[in-house]
Amino acid sequence: MSAQTAPAIEARQVRKHFGHAIALKGVDFNLPQGDFLTLFGPNGAGKTTLVRIFATLAHPSSGEIRLFGQPLSDGSSDLRRRIGVVSHKSFLYGALSASQNLLFYARMFDLPDPQRSVEQILERVGLAHRMHDAVGTFSRGLEQRCAIARALIHEPDLLLFDEPFTGLDPEAADQLAGLLHQLHDSSRTVLLTSHDLNRGAEMADQIAILAAGRIVYQERRAEFAGTDLADLYRTATQKGRA
Amino acid sequence: MWRKIFVLVKKDLLAEWTSKEILSSTVFFSVLVLMVFNFSFEMVTDRMVAGPGILWTTFLFAGILGMNRLFLTEREDGGIEGLMLCPIDRTTLYIAKWLSLLVILSLTEIATLAVFVVFFNIALQGGLIALVAVIVLGTAGLAALGTTFAAMAVRTRTREMMLPMLLIPISVPLLMAAVKCTAAVLGGATLASVGSWLQLLIAFDVIFIAVGYMTFPTILEE
Amino acid sequence: MASTSPPDPNLETHPSGAMEVDSPVRTSPSPGLIAVAAAAMIASLYAALLYAPTDSFQGNVQRIFYTHVPAALTMYVAVTLIFFASILYLQKRDERWDEVGAAAAEVGALFGTVVMITGPLWARPVWGTWWTWEARLTSTFVLWLIFIAYLMLRAYGGSPEQVARFCAVLGIIGFLDLPIIHFSVIWWRTMHPQPVIMTEEGLGAGLPGSMLATVALGLVAALLLFTVLFRHRLRVERLSRQLLAMRRSLDLSPGEDL
């Protein structure tokens, strides 16, 4: 498979255990480039662990993962240029201003013109007017937008969002949804984990359900459209428990 | 790699410059410790007997405070994970954190030294450069272990409580060497007169910078 | 080495279904080993209390050294074992090497505590002081502190997998620190001469053959005792981890009953 058409994420039999506690029991997963997939699952199903593994933050105990055809196992420090991550933590420094934070990350990713990249990205997430304020003074919604700017600044091909709606008020959540729609249109690959069935499925090309450390459901929009998501979710997670 | 290290250290120092969170507490704490020592050792007529030990004890205690603070800042907003998402090796992060710590501890120590000279009525004759060399060598070793242990400590259940328990026993030889060298310099002797202590100090630095560098990815991994 | 038969084969089952059969270190001491260790302990006690001649300077109190010196050497054996187990754990990521480190640290700390208690008991009548910052005392004390720090890290270090990594790093750092501590405490002392109550030579050199033989026997007994305790501890560690895993797979919190 050539690098252009290789799936953005390809995971085979990924297991992860901490001592005797098992988080992932053999995950098989495939996400083609350009797709938007939402991953659902109950608490403790291993969603965050799986996203952290794809983000190179954690190593799988066994199994194989390829991002864009390149194995994660071989010193993935350069592969990180193609990944952007947003989690419930902002990865920002409260004492520094939005632009200082982003400038720092722009330099870490060797962007040719850090200053310009920062201005552009702040414009895009609608934070230009607050760029010189310390991130510590931001509301949760503003901080989240700044965190998204941080994840997008190096124009990654793959975006990983771990529970991005957590802790957002409805207005901020709507703004985030708008941003996600934008990203979807920009032909980037997006993997989103969520609790919110309707909001999560709204813009997804595919949905998947992770239960008890395994992918128990993965279908394209044509398959799940029109079905009762809550019902589907209940059946799938019970299947995982059995 | 060195460019990235520069960017990382600059970020740490800029954050510290803006908030002054670490230095304000370490320096104030140093003054408090020196004051307590001053009362405790009032009976000692020759201040030079206790002086070097008091100085390094203060450096150590204030240093522990600073190390914990530097790593808690990274921990709170998940900043260290933000760094781990950047296209750099984990070992680069070790060098950067070690350098940041070295700078912040050195600044604390300069202030401590000034207060020490006044409180303990010390005459720094000529040996200032030698003294700075000793302090830098001692601090380099403390920061090398501090980077390793503080990165561990902030991830443990007891958080900052864990750092002194790990750091102090391992640093015993470093403290002995630093105290001996400082005593020699403050007493007007040359560093050559404590050559073997100086070698021990350097050996300590080299060994634990190397071990810290090699094991840092292990500490951060999951 | 003959494999030990577990009391219940079900206990050896990993929750993932994999059987844990091979083990890098044999757990559970065999009855033969326990018998030999017990015999050596009794023989060593007999030699220390009855066979070895009474020291002409110190009198009977010197006999404590037949416990003290072997315990100290055994502590160094334990720290070396932790060092190699730490390196092997980081290389192979085999949890059983972490179990070796955990068991060796606990039993090693026990021997260290014996050293820390017998030392002052001897020093008080002979040196006239409970404690002095003499070189060997200081380095033993610092090593004992490192053992305690290691056990603290094990107790409060977080998730089991994180504890394993952190303890392995500390195990390596602690071991590499030993020679540096050794030199520093010796130089510290020579530059700060203290009233010499007893020469270093008095401890080992010029010892009569019967005393030397008693020390050697004491060392053999201490190492055998260490092996027995270490293997027991290792087995307990392994079983408790398996128990924890089984509880997890049954969704029971620790301490909760079926």
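Should a chain be cited, it is by its letter among A, B and C, assigned in written order, with residues numbered from 1 in that chain.
Keep this in mind: a contact is a pair of C-beta atoms (placed from the backbone, for glycine too) under 8 Å apart; a residue touches a chain by one contact, two chains touch by 3 or more.
Source: prediction; values computed, not measured.
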Edges wherever two chains touch, nodes for the chains themselves; is that graph a line, a ring, a star, complete, or other here? complete
Can you check which chain pair, A-B or A-C, has more C-beta pairs in contact? A-B
Among the chains here, which has the CA centroid at the largest distance from subunit A's centroid? C
Per-chain CA centroid nearest to the all-protein CA mean: B
Using mean CA coordinates as chain centres, what's the subunit B-subunit C distance in Å? 32
Quick check: how many Å separate the C-alpha centres of subunit A and subunit B? 38
Whole-Å distance, subunit A centre to subunit C centre, using C-alpha means? 48
For subunit C, residues that touch 2 or more chains besides their own: 162
Each of the following residues of subunit B touches two or more other chains, namely 221
Mind pulling up the subunit A residues that touch subunit B in the complex? 52, 55-59, 77-78, 80-81, 83, 85, 87, 89-96, 100, 104-105, 107-110, 134, 150
Quick check on the complex: what are the subunit B residues that touch subunit C? 145, 148, 152, 155-158, 162, 165-166, 168-170, 172-173, 176-177, 180, 196-197, 200, 203-204, 207-208, 211, 215, 218-219, 221
Residues of subunit C touching subunit A in their complex? 14-16, 95, 159-162, 164, 241-242, 244-245, 248
Subunit C contacts subunit B in the complex at 90, 142, 145-146, 148-149, 152-153, 156-158, 162, 165-166, 168-170, 172-174, 176-177, 180-181, 183-185, 187-188, 191
Which subunit A residues qualify as touching subunit C in the complex? 17-22, 25
